[in-house]
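Report on the structure given below.
Chain naming follows the written order as A, B and C, and within any one chain the residues start at number 1.
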């Protein structure tokens, strides 16, 4: 008998059993144990022959099936005691059936989830706009951070959910408006932080034309205002920039 | 101010918020209106989007409103997409997630009992995708972690609240006919409780 | 198809494109129209935005089109920025934090490449909250700052070491099939080269 065995197609022994019950059109409440056990074992054997790794759960289930099957072969004793026990309590299949029904509910719910997921994926969103032009400087706030690791992971999933669109074929639209004033402040801030002379080239962290031009103008402006000093030890040697001591930021503070 | 102007302002706000979305209380705070008034503006903007041939609409997800493109235009949008967005979950992860969603809070052992297989991997995947999280510890000596769903879960499936989940299928009808069903399964505790 | 439907589709496209915008050639390619036809649709959508009390409009820049909020609503956007959400960190900051946490050390340009939006402000916020810090400079002529997480970051999220972060789901078998991981771990060009 040819079995189209693909172990990956099953989520475990319960899934395999449900598959068999469906395929054989068996009533789940009255499972013919001999038949289902036979079919199940055939699958396990086929897997073995294909040298697939059989998860131990499949073997445990095989043992369970065999145990139920053999129990059902035992003669049924009319019980002369235990009046409080109801007769349908001792169907050896009960526990298995109960589990299968329970599992089936969630398996079906998973199908529903998949459907919801697909529907959701038809809607596209956009990242929050950069609103820094509307906000003041960030004051270091003493506000208690009320975010958890899951908030962070959740935010990251949102980022992933945004489908990445193809880049424009030619130019990428940039709206990076860097003001010379802003760049002057940044430069001063950095120079003050390092407290010693800095290579001129370090002032150009981004290889963008606009950025380089603005930075260059900012440096010229700072030199004119005597806020920074530019040094060069000899012709063609490296140019260094150093902040005038005590200068923190332009105008402000 | 006229409603039409409020709608324009709301559109600008929702646009700027992007997929971070805005809660009703945020909207009413920014507009300096009562929440019921803000809700009215949200509803009429959504109505306008849905009635006309607009490309976007308002979706309510995880307790917030956000602008999204209409589903009917997804074919055009997919032509623009370079990388698919959030990938779909595996069958194992979906099953595990369904169990957590309907039976939360729940331990790993309880999930494995239902699925009949080890469920460590799918749980790990779901945690790292922030779809579920540890919500506490079970009583008893084991003190196993209890899992529950997150806000991201609602976002992932486009749900407003957890109550919006479709009811678990009670395969009742076709089974009751064959009588035995009642005998065996009449008194099962409802797992959604 | 009627113009009004085309406008809806265009709105959806421009919305999803966000700050990156779309060029006329992209628009005409996706709509499968000639460029002059696409230009006509763009113009009439813009006209519609500008005539009505809409919150958004189309801006043309550097050879592309993008949706932007109208200037007249900037007061409300300002208020939006100042109105605290229910979380002390914005979506933008949390996203940025996740990227830094998992991909440190990383430059601002690399983060912006992943997020597709300017990230200066979120970075400042995170630095001011001491969750991330400058940890060095990238190689190359640019010598951009590299960011990494701080001790406070670990403390805040209850982690002993950075390795305790839940692994990103991208290594799970769910994802390999559809290559979503590329968005994050693919070889985007090093901007400091």
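Criterion: a contact is a pair of C-beta atoms (placed from the backbone, for glycine too) under 8 Å apart; a residue touches a chain by one contact, two chains touch by 3 or more.
If you want to know which protein each chain is, UniProt gives these names: A = Segregation and condensation protein A; B, C = Segregation and condensation protein B.
Remember, it's a predicted structure, so these values are computed and weren't measured experimentally.
Enquirer: Measuring from CA centroids, which chain ends up nearest the centre of the complete protein set?
Expert: Looking at where each chain's C-alpha mean falls, the closest to the middle is A.
Enquirer: Please indicate which chain is farthest from subunit B, where distance is taken between mean Cα coordinates of the chains.
Expert: That would be chain C.
Enquirer: Taking the mean of the CA coordinates per chain, how far is subunit B from subunit C in Å?
Expert: Centres of subunit B and subunit C (C-alpha means) sit 23 Å apart.
Enquirer: Nearest whole angstrom, what separates the Cα centre of subunit A from the Cα centre of subunit B?
Expert: Roughly 16 Å, centre to centre.
Enquirer: Could you tell me which residues belong to subunit C and also touch two or more other chains?
Expert: 12, 15-18, 22, 26, 69, 77, 80, 90-92, 166, 168, 180, 183
Enquirer: Where in subunit A do residues touch at least two different other chains?
Expert: 124-129, 131, 148, 153-154, 156, 158, 160, 162-167
Enquirer: Once bound in the complex, which stretches of subunit C touch subunit A?
Expert: Within the complex, subunit C touches subunit A at residues 12, 15-23, 25-26, 61-64, 66, 69, 74, 77-78, 80-82, 87-92, 94-95, 97-99, 101-102, 107, 109, 114-118, 120-121, 124-125, 128-129, 131, 137, 141-145, 156-159, 165-166, 168, 180, 183-184, 191-193.
Enquirer: Which bits of subunit A are touching subunit B when the two form their complex?
Expert: Spelled out, the residues of subunit A in touch with subunit B are 11-15, 27-30, 55, 57, 61, 88, 91, 94, 97-99, 101-110, 112-114, 116-129, 131, 148, 150, 153-154, 156-158, 160-167.
Enquirer: Once bound in the complex, which stretches of subunit A touch subunit C?
Expert: 124-132, 134-135, 138-141, 143-149, 151-156, 158-160, 162-176, 201-202, 204-207
Enquirer: In the complex formed with subunit B, which residues of subunit C make contact?
Expert: Touch list, subunit C to subunit B: 2, 4-5, 7-18, 22, 26, 29-31, 52-56, 67, 69-70, 73, 76-77, 79-80, 83, 85-86, 90-92, 166-169, 172-175, 177-180, 182-183.
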